[in-house]
Structure formats: C-alpha cells, structure tokens
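What follows is a set of structures for review.
Okay, so subunit A shows up in both of these, paired with subunit B first and subunit C after.
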Partner chain A sequence: MLKYFFQRMLLLIPMVIVISLLAFIGLELTPGDPLTAMLSPDQMSSMTTEELDAMRESLGLNDPMLIRYGRWVINLLKGDLGISVMSGSPIKDIIKNLLPATIILTMVALVVSTLIGLILGIFAAIKQNSIVDYLSSVLGVLGISIPQFFIGILAILFFAVRLQWFPAQGRTDIGLNFWQSLKYLVLPSFSLGITLTAALMRHTRNSMLDVLNKDYVKTARAKGLPEWKVYTFHVFRNAMMPISVMILLRLPMLIGGAVVIEQVFGYAGIGNRLLTAINASDYQLVLIIILLLSIVALFASVLIDLFTAVLDPRVRLGSSKNQGGA
Partner chain B sequence: MAETAAVMEQRKPKKSSLAKRNTERFLRNKLAVMGLLIVLFVVVLCLIAPLLTDYDPAKISLSERIQAPSSTHLFGTDKIGRDVFARVLYGGRMSILIGLSGAIGGMILGVIIGSFCGLYGGWLDSFFVKVAELVSSIPQLLLVLVLVAIVGQSMRNLIFVFIFTGWIATFRLVRGRFFSLREESFVEASRAFGISNVSIAFRHILPNCLGPVVVQLTLNTAGFILQEAALSFIGLGVPSSVPTWGNIMDAAKEIMVISNYPWLWVFPGVAIALFVLGVNFFGDGLRDVFDPNQM
Partner chain C sequence: MSEQLNENILTLKGLKVQFRVGRRLVKAVNGVDLNVRRGKTLGLVGESGCGKSVTAHAIMRLLPKAGFIPEGEVTYYSNEGTVDILKHNPKGKTLRDLRGRQISMIFQDPLASLNPVYRIGDQIVENIRQHNRVPKEAAMKRTVEMLKQLSIPQAEKRVLDYPHQFSGGMKQRVMIAMGLINDPELLIADEPTTALDVTIQAQILELMQDLQKKLGFTIIIITHNMGIVADMADDIAVMYMGKIVEFGSKREIFLNPAHPYTKALLKSVPVLGSGSNSRLEPIRGNTPDPSEMPEGCTFAPRCDFAMDICKTDPPNFDVGGGHMSRCWLCKGGNGQ
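And then the complex of A and B:
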C-alpha cells in the first residue's frame, strides 16, 4: 500500500513540472515583465532604454528562457512567489490568507455531496422503479442542468433574504467562532456541491444496478446471505470503482466552480481574488493561483485514487505485481 | 448491374429497419422525447424571435427602467430599460450557438485525433494521451479563464477555447473504440482485401463509434452552455455588449437586484436550466438507443 502511494506521488512530479512550465510560458506571453512590475510608469519613462536594458541584464531577464524558468521555480520552492502588481503585497501572503478558505469550501462541498449522492443513489438502486427511484432520477437530471450560480442566487433569495437563516454574503475571519463561520459556509458549499451530488446519485444508481445483475451477487443470494450483507460486501464495494472514477473526473470541475460560487456569495477566497487579478492584469498572481489550484486538484485526485486502491486490490496489484495484498 | 441493384434493394430495407427500430426505441422513452421537444421548442422560439417581439434587445430606454413584467414588457425591463423578453430570446441564439459550435468543433477535433491515435498507436498515441491527461487535470473552467484572459474576450475566442478544451472526452472514446474494434474480424478481413488503413479507419471503424460520439456531443453542448453562462456571469465570457443568457444574469450580483428585481435574472436562469435539461434528457435517451447494455 505504501509503495503504491509513493508510486502515485512520483507520477505527480512530471505533471507538476509541465503545468508549471505552461504557467511560466503563459506568464511570458502576457504583456509586461518583472521590471514593469517593480517600477512605476513614471520611473520607467524617466529612464533611458540603455538604463532599462542594463537593469534587465542585472536582474537576469535577458537570459535564455529555460534558465529563467529554473530560477522562477527555485524561487517558488523557496517560498518567494513574487509581488502582486495590483496590491503591492507579497503574493505569498495573499495565498496564505485566501487559499485555505477556498480549500475548506471545496472540501465541505466534496464530502457532503459525496455522502448525500451515494446514499440517495444506493437508495434509488435498492428501490428500483419505485416512486423514490423515479423522483431521484428526475432530480438528478435537474441537478446537473441548473447552473450552479443560479442555484446560488436562488439560495440567497430564499435562505438569506426571505428566511434569514444564513448570511447572504461575505466571510470574515476576525472574531468569529467556529459555528459562526460555519454559517457562512452553508449556502456556498450547498450551491457548489449540488451538481456533484446529482451526478453522483445518477452514477451510483447505475453502477449499483450494473453490479446487482452480476453472477456473484446471485451466488451470494443463493448462499442465503442476508440482503444487507449482499449489499454491503458484494454490491457496494464493487460498485464503488466506477463511482470513484466519477468523483475524480468531477473534482477539477468542483474547483473551477468554486471560483464562480465565491463570486456569487462574495466569499473571500482565492477564486474571488483570481477574478480581480485577471481584471487588473496582475498576471503573476493569476498564474500562481492557477498553478496552485491545479496542484490542489492533482493531489486530491491522488488521494481519491488511494481510497480506490484500498477498496479494490486489483488497482494496487496492477501497478506493483510482485507485492501481495499489503 | 441488375444484380448489384437487386443486392442494393435487399440491403436498403434492412438498413431502414434498423433505423426504424432505433427510432421506435427512442420514441418509447418518454423523457427522451420530452427532452427533444424542449430543445426544439427553445431553439424555435429563439429563431423566430423577431416574430415574437418587436423590441430590439439592445435598445436602451431610460424612461422604462426596471419595470416589472406586464403586458407591454412580458418579462419586464432591465436597469437601462431594455426588454428582458427580447434579450432572453436573442441571448438564447448566442448561447446555443456558442455551446453547439464549441461542442461540434471539439467533436471533430476529438474524432480526428482519436482515430489517428487509435489506428497508428505508438509515440503519437502516447503523446496525445499525456496531453489529454494534462489538460483534464487542470480545472477546465480555470483553463478557459486563463486562455480567455490571454487571447482576449470575444465570442469567437470563447468558441476556440471551448474547442481546445473540449476534444478530450471524444478523443478518449474514439481511441478506445478503435483499440477494441481494430482486432475484430471484419477489420482483419478488410485488411486482407488490401483496403488502405485510412479507408478502414473512416469507412469501417468510425461509423461504429458514432453513437457514443453523438451522446458525448449532447453532453458537451450542455456543459458548454453552462460554462458560457458561468463565465459571462463573472464577466469573463462574451463581452457584455452581446446578449447571452449568462450576460443577462450578470445583473444578479447585487443583493438588491436578487431580492427586489427577480425578473432580471429568473427568466434567463430558467431558460438555461430548461434548455440544458432538454439536452440532457435527449442525450440520456440517445445513449439508451445506442447502447442498450448500459441501462
């Protein structure tokens, strides 16, 4: 198991390198360079072209691209993420303040919608063709068809403006206890997770029905196992495989969706900052945020992969054949 | 000649009976038929927009700002007095056009790359598999965001970005089908007859992939319409001068609008949901027709 874990982590390294290279190329393609970020326009215009060139030379901006990329990566690894042109503050501080909020939002949405989606899907499969099944399949299509931000707006209207159960917008850290900050999380994570819940519900139902028709399920029933044992040990465990693939596929969408949902709720997370940075053409900040969010997505997918491997010995044995059932 | 004609005659009814069986199977699926009807209904409404409303979606009328729905303005008017009904209809044209052309472009790209990789394999194949893995590991909305930020905001650029990010699912599908069908005896037989690889790929294998590819097309269309709406809503999709469903909902960023002027955002929101719902029902129905095992 541990070996499988390290293998998966090693596979991440080339991916992260390529993504960071792409981010760097993106940075190169966008107008402006670190010099324009460091100096004010007034300072720029008061200097001659030779002086600017000399400054570029001394900063190493005229070196070949690969060398500059290497330097950029080393700086990133050292924790020097550069300075945001827009606000003048170090990007590191911005990330440190805002990224956790986004990760919490996404995690809550992921965990809650996975649980609800699984439970509803299993229920629909067990009670196949009942009214519950029919209702849940209609709700499932509805859930993947309504835009998340529309659900968010409706949630604000009903639960924040009309019923006043939850705050409509904003998230502040100062002076809030756990329960208070939880209140700010409910509506955004609900709106963010609803698509995943619906998709998972549909997928779980189909996957369960698929497995229910397999011969080994019939065998288990013929052996006289009680129904709950058949479902827990024979059906659910095997049905989980395609379901976890589905979660893997949907995970990047969840992180992308967080950017939109943060905008709807004025939630102070990294996605909200990303949009202001794009509008202000603060490209260094934009690409670092994209890089970090992509890495978060990659790591999360490895975790889900590992979870799958725990459930299904075929996965871990497939990649390390000589290792028995660790 | 007469013989061939006779053979052709024999063939024809067989073919049409398969089509007939598939149509019947589709028509039996009530939700799928409903989906198709919803899609057609929305498309037709958007296309005949000039017949349904006399208002120009872009015409500003400051004397009629923020009016609630009434008989003169069916869906009310927005903050600068534009007729929301006209905007939803004309905006629908744009949203559907963007979603559909992005999905079709992605489908064509995916089919081409997928068939070449599936046919030849080798380094070309492993290269594109890696590219697909990479592109799909980056959150798609973020990728679209960055690309739009780099190439600039316009409808054409948005469609290109959708094509660029939307070929992967089709690519995987086609490639997978090629790998499994390539070993089938009818392909071996064609090869034994000396038929060229390209002809085998496009005449014999590809038609067998079309079912899932069309289903994927509906999924992508639905997905792109949702993405366009989300992007335009956060102000990074289509420029706000062009009405699209997402652009119209842009107004709903203020609590005041959300609570007091719901007609500014409810109608376009319902339009998106209705259309995407129709596309999804339709796609589900198609999948059942093409692949009855998946039920």
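And then the complex of A and C:
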C-alpha cells in the first residue's frame, strides 16, 4: 500500500517538470515581454532601443529560453519565486496572502457541496420515483446546466441586494472575526459548489441504484441483515467508489471555478489575482499560479488512485488469483 | 405446536407472484401448491421464465421492488414454531430472524453473490454474528471449519482473501458455507451450478448431498437440468408458466410421467442411465408471454394431445400415491 503510494508520488515529479516547461513555453509565445509591464508607455517611448536592450540584458531576458527556464527552476528550488513586475512585491508574499483565502473558499465549497450532494443523492435513491427523487432530478439538471457566474450574480441579487442576508462583495480574514468571515464565504462557496452538488446528487443516486440491483445486496438481505446495515455496509461502500473519484476529479475544476467566482464576488484570492496578472502581462506571477494549480490537479489524481485502492481490494491487490497478502 | 413436528417443513398454498412492468402486469407465479418434506430434497424444474426462481424468492421474501404477492399462503414449520411467511413484513424482525439462520438461499451466479470489497471470512462471520452473540474470533474459527468441510484448501489463509481471488467453483463453495454456517433447516439453491462448468458442477452437488446427510437440512433445488434432479431430488415438482403441472417422487416422475409437458421435457434432455436410446425431441413452439397467458391449460398450444376441454383450466388430479398432475388426460386415473 505504501509502496503503491510512493510510486504514484514519484510519477508526479516528471509530470510537474513537463507542465512547468509547457507553461514557460506557452507564456514565451505570447506577445509582449516583461518590460512592457514594468514600464509605462510614456517611459517606453522616451527610452532608446539601446537603453531598452541594455535593460533586457541586465534582466537576463536576452538569454536562450532553456537557460532562462533552468535559471527559473533553480530559483524556484531555492525558494525564490521571483518578483511580481506589476506590483514589485515578492511573489512569495502575494501567494502567502492570497492562497489561504482561495483554499478556504474551495474547501468550504467542496465539503459543503459533497455533503449536500451525497445526502440528497442517497435520499433520492432510497425513495426512488418519489416526489423527492423527481425534484432532485430537476434541480440536478438546473444546477449542472446554469453557469456558475450566473448563479453567483443571481445569488448576489437575491441574498445580498434584495434580502441583505449576506454581503455581496469582498472578504475578511478568517482570523480576525470568524463569524463575519463566514458570512462573506456563504454566497461565493454556494455559487462555486452548486455544480458539484448537482452532479454529485445525480451520480450518487445512480450509483446507489446500480449497486442496489447487485446480487451481493440480495445475499446481504438473505443473511437477515437489517436494512440500515445492508445500506451502510454493502450498498454505500460499493457505491462510493465511482463517487469518490468524481469528487476528487472536481477538485481542480473547483479551483478553475474559483477564478471566475472570485471575480464575481470581488473576493481577494489567488484566482482573482491570476486574472489581473494575465491582463497586466505579469508573467512571473502567472507562471507560479499556473504551476500551483496544476500541482493541485496532479495531487487530486494521485488521491483518486489512492482512494480507489483503499476502497477496492481488486485495485489494491491486482486481479491475480494468487494469495498474496495486502 | 410442539409434540410432533409437521412432516412438511414448508407448504405453499395458491401462491401468486406478479410484477408491475411499466403499465403491464406480469403474472409470474399463478397459484403454486407445494409441500416440501422435512429432510428431503425437492427439485423444482422447468424452462427459463417458468417462475421457479420467483417462487424461491417469494419464499425468502426477497422479491425485487416491482414484484408483489397478491394472494397465497407460505407456511414454515420449524422446531421453534410455525411462521406464516406472507403475513410478515419482508424487512421485519421475524423474517430477518428466519433468513440466514433457519432458511438460507444460494444464488445462481456465485461471481456476483459475494461483495467484492470484503474478505470472504468477514462476509461469513457477518452471517454468524447477525444471529448469534459470539465473539469475532470464535465466529472466524467456525467459518474456517465450515470452509474445510466444503473442501476449500488452506481455509485458514483463504478466509483473509477477497472474492476476486477465488474461482467460480470456490466462490459457490463459499456461498454454500455462508448458507450453512448457522445450521439452517432449509437451504434453497437457485440454480447453484448453472454458472459453473460441468466437472465443478458435479463436485458442488456432491458436497451439498454429503453435507445434507451430515447436517440433516432440507434442500429445495431449482434447476432446468433434469440430470441434476435425477441425481439429487427425492421429490420433483415440474413447473410451467407459473404453475406446478406435475408433482411426484423422483421415481414416479422419471418412470411414469403423467403430464405431457413432463414427458416432452424428459424427451428433450439426455439423462444418463434413463435407458433410452431414442432421439432427443425438442418441445414444439415457445413459452407464451406471461402477460398474455392462454386460456385454460397454458401448455395446450404446444401440446400434442390438446383437446377441447383444455380450454378450461385443469385441476390437480391424483394419479396415485401423491403423484399429482394438472392435465385433463389424468382425469380418469393414470393418464397414459
């Protein structure tokens, strides 16, 4: 089991390298260079080509790409993430300030939507073809098909502007005033998580119904087990396998969604910052944020493998017929 | 209910099972009367879709959601008293207490009958501990012993394995062990060997017979295979379109079949040692759609001896010595 985990973790290293290289090349190919971001157009026009070139030379921008990539990676490994050309402050500080807010937002969205989605899905499966089932099916389709930013705008309109239950914009630090910061989290995390809730609800229902028709559930009932035991030990455990994969697959999607939702709610987080950095051609910052997001996505995929291995002995032990222990 | 146990362990009276499929009503079992003798083996035979498996599931009250029992009586006689099975909630305490302890059932497909995520030892232990207050270690010990009785090699190690590490035949042995672990009175085996190859089939059936001799339980074996009933059964019930068309001892059914369907069935399958070198004859036509049942005798459209009277439903005629046949040919005694 541990060996399996380390194998997967080792595989991450080449993948991170490839992704960082691709991101580096991708940004290299976009028009404009850091100088255009550092200097205002007026400054630019007042400087001679030689002056600009000397500046590029001093910043190391004229070196071949691979050398610059290598330098960047070495600095990264040293813990130097570089400096944001837009604000002039170290990227490390920016990340330190903004990343926790985004993590809190996505985690709240993930946990809350997982809980709600699972509970509604299980309920819909147990009460199949009831009003609850039909209602959740309608809500599910709506939740999947309406874009997140639109739900966000609607939520602001109703809950913030009309009912004034929650603030419409911004955030406060979770350390300062816990309840106050929670209030700021409600609408963004709701808008961010609703797609996952809806998808999860349908997925859970179908997975449960699928397992309920399996012969081993009949075997469990033939043993005289009470229904709650049949459901918790035999149905739910097996139904969870595809569901857990789906939840973890959604993790990178949630972070992608956070970019949009943070914008809608003026929530100062890493996603919001990514957009401003792209607009300002702040390459260093964009690179680091992209790298961070892809590491999260890769990590989620390892977690998926790990989770399926824990839940399913066929994955853990391979499908050989030998008697090798776990 | 104590002095003397009923000779029968289970009796069915006019059992009907129907399924709601969309707006249609499918009548799968149409009034089955059956007596299962204590300590004996009853073979329930018939073509696919004749309702034999549904009957077994109705006895266990494990019908799928769409299935329901509009009328009938299923009575179980045990040393603990008589249970009117249809009067109880299928998920209620009384029947749950019966299932897995007094009445066990093993299913057609051993590959699908075991939960893939639990060790097989734990799955059997679950059955023990559902019905007995015993510590886990003792239950596991008993499980190992039972698996040994079913000739599973290295049982001590194998209890720690998962279902996917077992072959089909071994899985069915595990299922039988699970069924017998609480020393039940009645074992219902629903086509226990259909999914297995022929050599394994013989081993499994032999094991079941050996254990029956040792432990003394009653078996209802459901099969479409005449060879299996010839081998195992004491009594045979032949089912066609949701009804028992002929019932009798194995000897009577094989040597003196009264119902044309039984005769056709016997002619259509090779039986080792039946002494005939005649050609196999398929049964003419197909089984009718259970939602559009023909009037009267349901076998009449395929029967070589169909008469006008077959338009009305034949009652059960006693051919002699408990040998019953639902055919108008048997009206005046032996129906040859």
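Definition applied: the second predicted complex is superposed on the first by the 266 of 326 C-alpha atoms of A that agree within 3 Å, B and C clash if a C-alpha of one lies under 4 Å from a C-alpha of the other, contacts with A are read in each partner's own complex, and residues count from 1 in each chain.
Here, a residue touches a chain if its C-beta (ideal position, glycine included) is under 8 Å from a C-beta of that chain, and two chains touch if they have at least 3 such contacts.
All values reported here derive from a predicted model rather than from experimental measurement.
By the touch criterion stated above, A:293 is placed in contact with subunit B alone, subunit C being left untouched. Once the two complexes are overlaid on the shared chain, A:234 sits against subunit C while remaining clear of subunit B. The partner that reaches more residues of subunit A, of the two candidates subunit B and subunit C, is B.
Using the contact criterion defined above for the overlaid structures, shared-chain residue A:142 touches subunit B, although it does not reach subunit C. By the touch criterion defined above, A:161 reaches subunit B but does not reach subunit C. Applying the stated contact rule after C-alpha superposition, one finds that A:259 touches subunit B and leaves subunit C untouched. Of the two partner chains placed by superposition, only subunit B is touched by A:278; subunit C is not. Judged by the touch definition given at the top, the superposed model places A:220 against subunit C, while subunit B stays out of reach. In the superposition on chain A, contact of A:311 is made with subunit C only, not with subunit B.
Judged by the touch definition given at the top, the superposed model places A:103 against neither subunit B nor subunit C.
Once both structures are placed on chain A, no subunit A residue is touched by subunit B and, in the other complex, by subunit C. Within the complex formed with subunit B, the subunit A residues making contact are 15, 18-19, 26, 29-30, 141-142, 144-150, 153-154, 156-157, 161, 168-169, 206, 249, 252-253, 255-257, 259-260, 263-264, 274-275, 278-279, 283, 286-287, 290, 293-294, 297-298, 301. Per the touch definition, subunit B reaches subunit A in the complex via residues 31, 133-134, 136-142, 145-146, 149-150, 222, 226, 229-230, 233-236, 249, 252-253, 255, 258-259, 262, 265, 269, 272-273, 276-277, 279-281, 284, 294.
Partner subunit C is touched in their complex by these residues of subunit A: 128, 214-216, 218-227, 233-234, 237-238, 311-314, 317, 319-323, 325.
Across the complex, subunit A is touched by residues 60, 62, 65, 91, 95-101, 104-105, 107, 109, 112-118, 126-127, 130-131, 154, 157-158, 160-162, 164-167, 175, 178 of subunit C.
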